[in-house]
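Given below, in the form of structure tokens, are the structures.
You will see two complexes here that share subunit A, one where it goes with subunit B and one where it goes with subunit C.
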Partner chain A sequence: MSRVSKKMKYLGLGALAVALPVFLVACPTAEGGPAGDAATQTYVAPGEYDEFYAFLSGGYNGQMSVWGLPSGRMFKNIPVFSQDPESGYGYSEETKALLNTSFGPQAWDDSHHPHISQTDGDSDGRWIFINANNTPRIARIDLTTFETVETIEIPNTGGNHASSFVTSNTEYVIGATRFSIPEEMDADVPIDSYRENFGGKISFVAVDGETGRMSMDFQLRVPPYNYDLARAGKGPSADWAFFTTYNTEQAHTLLEIGASQNDKDFILAVNWRRAADAVANGQARQVPAEYYHNYYESYGGYAISDVHNDVLLLDPRDAEGILYFLPTPKSPHGVDVDPSGELIVAGGKLATVIPVHSFSRMLSAIENEEFEEIIDGIPVLRYESTIAGEVENPGLGPLHTEFDGRGNAYTSVYISSEVVKWSLETFEVLDRIESFYSIGHLMIPGGDNVNPAGKYLIGMTKTARDRFLPTGPKQAHPAQLYDISGDRMVMLSDFPTFGEPHYAQAIEASKIQPNNKRIYDLEANEHPHAIKRTQDARVEREGNVVRVYMAHLRSHQRPDNIEGIEVGDTVYFHNTNVEQDWDVLHGMAIKGMGNAEVLIAPGQTKTLKWVPTRTGIFPFYCTAFCSALHQEMQGYVRVSAQGEAPPLMWRTGDEQRVAGQ
Partner chain B sequence: MYSTRLFSWLPLLLVAALVGCNGDVSDTARPAADDQAASSVELTGEVIEVEMISDPSRGELFLPSDITARQGDVLRFVLVSGVHNARFPEDRNPGATDLPDASPYLQAPGQTHDMVVTMGPGEYEFVCDPHIPLGMIGTVTVVE
Partner chain C sequence: MRKESRLILALAALLLLPVFFLPLWSIGVVAPQYSDGLGMYIMIDDVVGHERHDIQNLNILNHYIGMQPIVPEEVPALDIMPWAVAFLIGFGLLAAVVGRRFMLYGWLGSFGVLGAAGMVEFYRWLYDYGHNLDPTAPIKIPGMTYQPPLIGTEQLLNMHASSWPSWGTLFITLSILLGGLVLWNEFRPIRFLQWKRDQKDRTEDRTVRTRPRSGQLPTAAAIVSLVALLGACGQAPQASAEAESYDQTRSVLAGHEDDYCGGTIGEIRFGGELVTTDGDTFRFLSTECMAGFVAENGIANGQVRSMKVVEYTHGSRLIDAREARFVRSEQHSSPSGLDILATDRELIAYNLRRFFGGDELSWDEVVELVRHEWDIR
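Now for the complex of A and B:
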């Protein structure tokens, strides 16, 4: 095998002197590949189930993919912030509203950080949240159906990157501005008035404990820095949330240089419970905003949008004891809290150590007012007062840290392209293993919560280069699975992913599988255009709007012949899958429709909008192979010239009806 | 190295293969007497045909949907149109312990499935699972 020489080539290309000893220490085998019986450790026999569900963000595809661990088998891709022609998400009339924002409907976004709802600091498997980075939003996905059911826009912010992390009982899902923008909504100001006019916002979106429904509770006014990542505390620190900042230099151009000047930036510590109390006590003020909240009000109907025009803003100058800055070297990226809730670990993109703050020392420093200065009402604590220790020689560019529940931390290190294992007790590096190539986030099932399942670790890397059979200049982003159950990390497998996964989450399958919904209950379907009996299938005209109430069942549509439609009509096919058979879907498409198909799950109603522009006979058909006679599942619509259509009629077999008769 | 791996997998593969053999098979050709539950019931030789229908004017139905039978009779489900199954659900037949196994899904027009009436005297409900809300439900009254 020639992997060694190849590896050396990439070292020469990409990295640094520090990386060399790292690799020499790291490799469990000469090939950097799996050792021993790694293949059997990831082998899940046909018909058997994986131990964990994993949810990988889609990054620039705006979606989220669902995988099994340890097999690395992909189960599903869930569309969230991007239109998905495969399922009709964002195309069907039911789902369009989920993409509404104050900037109009958004066909695309960039999703980074999935986070599973928690109870007592442990993943509970009810919902998973994910952020939209570009047009700031948070979405909620129901983990009984694996479908996006709600989105909410985060107003007066730019780049909702430090999101969508939940507090330990899912009281809140949090967000923050990555790009500070003018404080005043829609303000038209010179960009170089950054210091005078720009501001940052930390956002707290409340989550209803029963329904999961989100609502924008309040925002905190903070200096115009870049707020990068976040974590809520747990256990003793459960009332707090932590955000990394960079660009405390407040550069607005060429941040590559301008935002890398200071030796230390900050972690912002937020006592969210006191903030919420202050807001409840009327200490916040209403400021203008415009944001959309999109959700399903009923079981199986259309998603709807509420538009809100103000938001509660709390200024730290009006409420003490809520916000503190912890100086942290050097453009910190990740901030992660260990299972005990005591240690706050930062990753510095350009740092050569991993700084670890102590929550209890932070509380003492606040108590004793060990402040360096106060910025916009926010005390800056002394570094020496909060730091618990620094991990030496972690490689160059530590980013993110997760935990195994056995006293160890695992940090992804981007520039030297490795995973580094270190002790939470001694802060000494215990092991290191290379990644292929340039790791971003890493994830251990439960590795961010109070109860990690410290068996596997996944590293998600930024470039594949030679890892798989090549597919042109653009390759899929890899994920590497490591066994972390022993003293040394062992790579088990390396598989291509979907989109560009940033963060991911994983949870024991037993917390989700029993609650899985196999069908939508047809009898409970509250869609205003659903039909509950096939005999109710019909066509209705309201002016130039034609509504087709179509039943889909194996193996025909009812009706399957329609005449009396004219050019200039708008036709809505309200398609109900009247069957209740798990995983038997029907699909609907009609020639020249200028739209995507709709896929209709059992018991569901999905609406396809069609504006015919030409006369003729238009075939439609079931797009999802449903039965032995699936190919027979087809029909025709006749379109006539304006003013020349025959009476509206529809037919299925011998059953023929004319509108009004 | 390869042979070692193969041997360590072999038992797994064997088990998988054996389990796989017990999966669904089209039982149209299988004699009713092969039914496990039927083994303790003496067959009467009587065969009752029940059509399974999806029809634009009549909807989704078993025909007949109200059946009288004796223990040991055979219900012969015949697919006319659509895709259907037949099952005696436990939750619709509380207390009944001797219900026949569910049929597979029938898809080809003319395809049949024989189900032995294994239950003792009483009234029993059977359904087509995907079409319960559409009313595709039938009853069998078992008489002495």
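Now for the complex of A and C:
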């Protein structure tokens, strides 16, 4: 009896000890606002700026959104792999080519992992890359304009998931096949011949250090597993890249069970520097591979597509010392390299520990040939030879890890829905905090590079359930912002996001803000259908193609009356915004156009294609509220029946012109 | 002319050289959408934007109200001014070399005439710019013209325009001031500053001739220029901070006892303060308490030095109760129950009534209301 009551007493004291701090924290402040500290830490006063830019992948919207931290305010949504009717991206003649692939134009994709270009392992803020998972591609976004400027297709690949991670001087941006597919392009084989016919590809896309222009450098042939995530090394491991694998069981149906049987899958370590040398020495062979490379050749013109028909493929059986497997429990998801470049952390999705490999131990294991076996020319190192430690009790379903630069790692844990902080020295768990709900990726500004700004962490979660005012069965995906500057993590805010963010990146605003472009320079506009002066506005006919060189400025289009167009013509409105004033945009749309508007930034030329199918008078207007007389910014096109059109003429105010006169 | 006069005159002429590179005048506008401002520099032979595209953007904005676009090629003064300044430099140097006083007078005279003509021409251009409006302009406001001030600031519709002399004009000013100094030096019976001592030295001992310290005067002039340069021509002056800050008003009222209703003043938004001609200060937590105090004690206007209430929406400005508009709105609850809100803005009073209902009252009506409601005799 006495023991029980003693226990009860302790329980009571314990409850009090817990309740007291909870009460102190929960007690509203005198102003009646939320707990004062969290509110002031995320509050960015009107007219002031956030400390960090954050780039959240859009997931299944194929886009990427731009946010401020710590406020959690969204600034922009950048269309990348999806048509965007709001801006005309993928609809305008200039941008259509950016969505071209060897499977035809793709109106949609699934973008997961943005990665900012790096110099010496640190984010430099020049470009940000992002992958398309479904029809494998990598895109480059220019961080002076926040616009997608280039896309490249990754050939012979199924699901470019382990992408788009850059090496520490942006020598390469990497891609890998998540779904192994037949090695031969377009091969028509039974699915159950998986083991015989299927294979994996690891891709290295070279990035020009000056222009950022991408090119498909080479691919590596790897066994038919699923290659899930990747990271390049840094510092001592800068010449290496690491990929997680699952489905080493090589299941091709019901992977849920079939790919979860092995106690250990692998981390694939790739010495990309040596691979590039081997390719340069002619050890790779050319294999058929159709892929598109889409980019702007000139300043402000049309995006164009180059089509390539082969790719250099390096087989590890032909070149030693490039690929190694590190056995890792169990269907590892994320693979993350600590700021020193020495520790390689795996998110053992189904494992009970977080395994941490040592880069230096890996090198000595390679040197001493501590191999368990060799698979398709790839030595498998012994687990005991590479492991540096295991983090015990990390929670259920550890996925991704980032670092604060102070010797701590933070791992997202999906099933137990929490962030776990642990020591890179002792591998002991130091703190844990819940997420709402089921966290996927987490991100610390710079937390993946050599120089983390270990102040904030955001966790991007997969389901909101009851967190916000409900919006029907489908809710926005939330993100939680944590303060990680102290010993204990503190949650600061919880905000809905756009699309389904997977990974994100953040960077000090000071690395981007000074380079921001306010206008496109009209004088430098190299668009073949641009007009530099309003006087050059005109209409031209070439057969049944009519080109309208239209000037847009506050508050009229020039010309704004057009006659002489007939059914069967193809009309291109080449819209040039001749203004040079920041954030003064014009838009263009015409009735029944079967297209999306184009939004035209100052100094830019954007082309709207229109094939009129009926006769009549078609109003067009400026779709972007540009000025006090925006509502007056409108015009008419007359469409006549075939063969009955009057001579081509156009008018603006008193000025009237007829083609050829 | 005295030797130092000729040196100063040469310096004065040379001070006009920077005028070829530096703006003479700077005209700027700030609007809600253009917090960084747009503006133009009047150069000796050109009009250029503060930023690369400012002229284009000003022209676009101004076309709505019918102002003619600025086309520097079409401003005749800009063709003449470089020649005028070149003439003054040449003439000044020549006068310094020749050293005849009549040339000094000629230089000063032509400087004055050309300067005055320049200002008149500049004013004429500004006048034309602001008054020569296209009759078909989309926005026409009867009686409104848009001439930027010659010097100073002015509110033109949504634009806060400012116009100030710039660096070039500063050099012109320094040049003419030095010209004046020359004149003064010429008619001063004896040389001044260091020159006086030099002369004394020379008269006392003609064999030990000290080197004239001719560097000193230009140095002094340079210092004057530098100080003037440093203090020169900011853009628009800062608008004075509006009214009292919250903290100030709070310190007047918060924490004090209410002198009529009793109790401590916490929320200051409804409060008021009355100072009598005797210098006694009374503080109140609400308008109605102050009105009650006035009603109960029969305080006449003559006994009041100031009687202020806190403007409700702003929450920190003290406004004159006798000028204020009061709204009795049952949707708000004041600490003393009569729900009287004070403001000095017609629009705010209108909106308070529109959104929350209630009547608008003057101060005297408030006093009567309180007398009635609280049954004060």
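As a working rule, the second predicted complex is superposed on the first by the 625 of 661 C-alpha atoms of A that agree within 3 Å, B and C clash if a C-alpha of one lies under 4 Å from a C-alpha of the other, contacts with A are read in each partner's own complex, and residues count from 1 in each chain.
Please note the rule applied: a contact is a pair of C-beta atoms (placed from the backbone, for glycine too) under 8 Å apart; a residue touches a chain by one contact, two chains touch by 3 or more.
Keep in mind it's a predicted model, so treat the numbers as computed, not measured.
Annotation: superposed three-chain arrangement on subunit A; subunit B versus subunit C shows a clash. After overlaying the two complexes on the shared chain, residue contacts for A:E523 are found with subunit B alone; subunit C is out of touch. Once chain A of one complex is fitted onto chain A of the other, the partner contacts of A:R558 are limited to subunit B, with no touch recorded for subunit C. By the touch criterion stated above, A:S298 is placed in contact with neither subunit B nor subunit C. Judged by the touch definition given at the top, the superposed model places A:E632 against subunit C, while subunit B stays out of reach.
Touch criterion met: A:T534 reaches subunit B, while subunit C stays clear of it. In the superposed model, A:T40 makes contact with subunit B only, not with subunit C. Between subunit B and subunit C, it is B that contacts the larger number of residues in subunit A. Of the two partner chains placed by superposition, only subunit B is touched by A:E655; subunit C is not. In the superposition on chain A, the residues of subunit A contacting both subunit B and subunit C are 553-555, 579-581, 627-629. On the subunit A side of its complex with subunit B, the touching residues are 37, 39-40, 43, 45-47, 522-523, 532-535, 553-556, 558, 578-581, 584, 602-603, 626-629, 652-655. On the subunit A side of its complex with subunit C, the touching residues are 519, 553-555, 579-581, 627-629, 632. On the side of subunit C, the complex with subunit A involves touching residues 52-53, 56-57, 60-61, 64, 138-139. Looking at the complex, you find that subunit B touches subunit A at residues 5, 8-9, 12-13, 16, 19-20, 54-57, 59-60, 82-83, 105, 107-108, 129-135.
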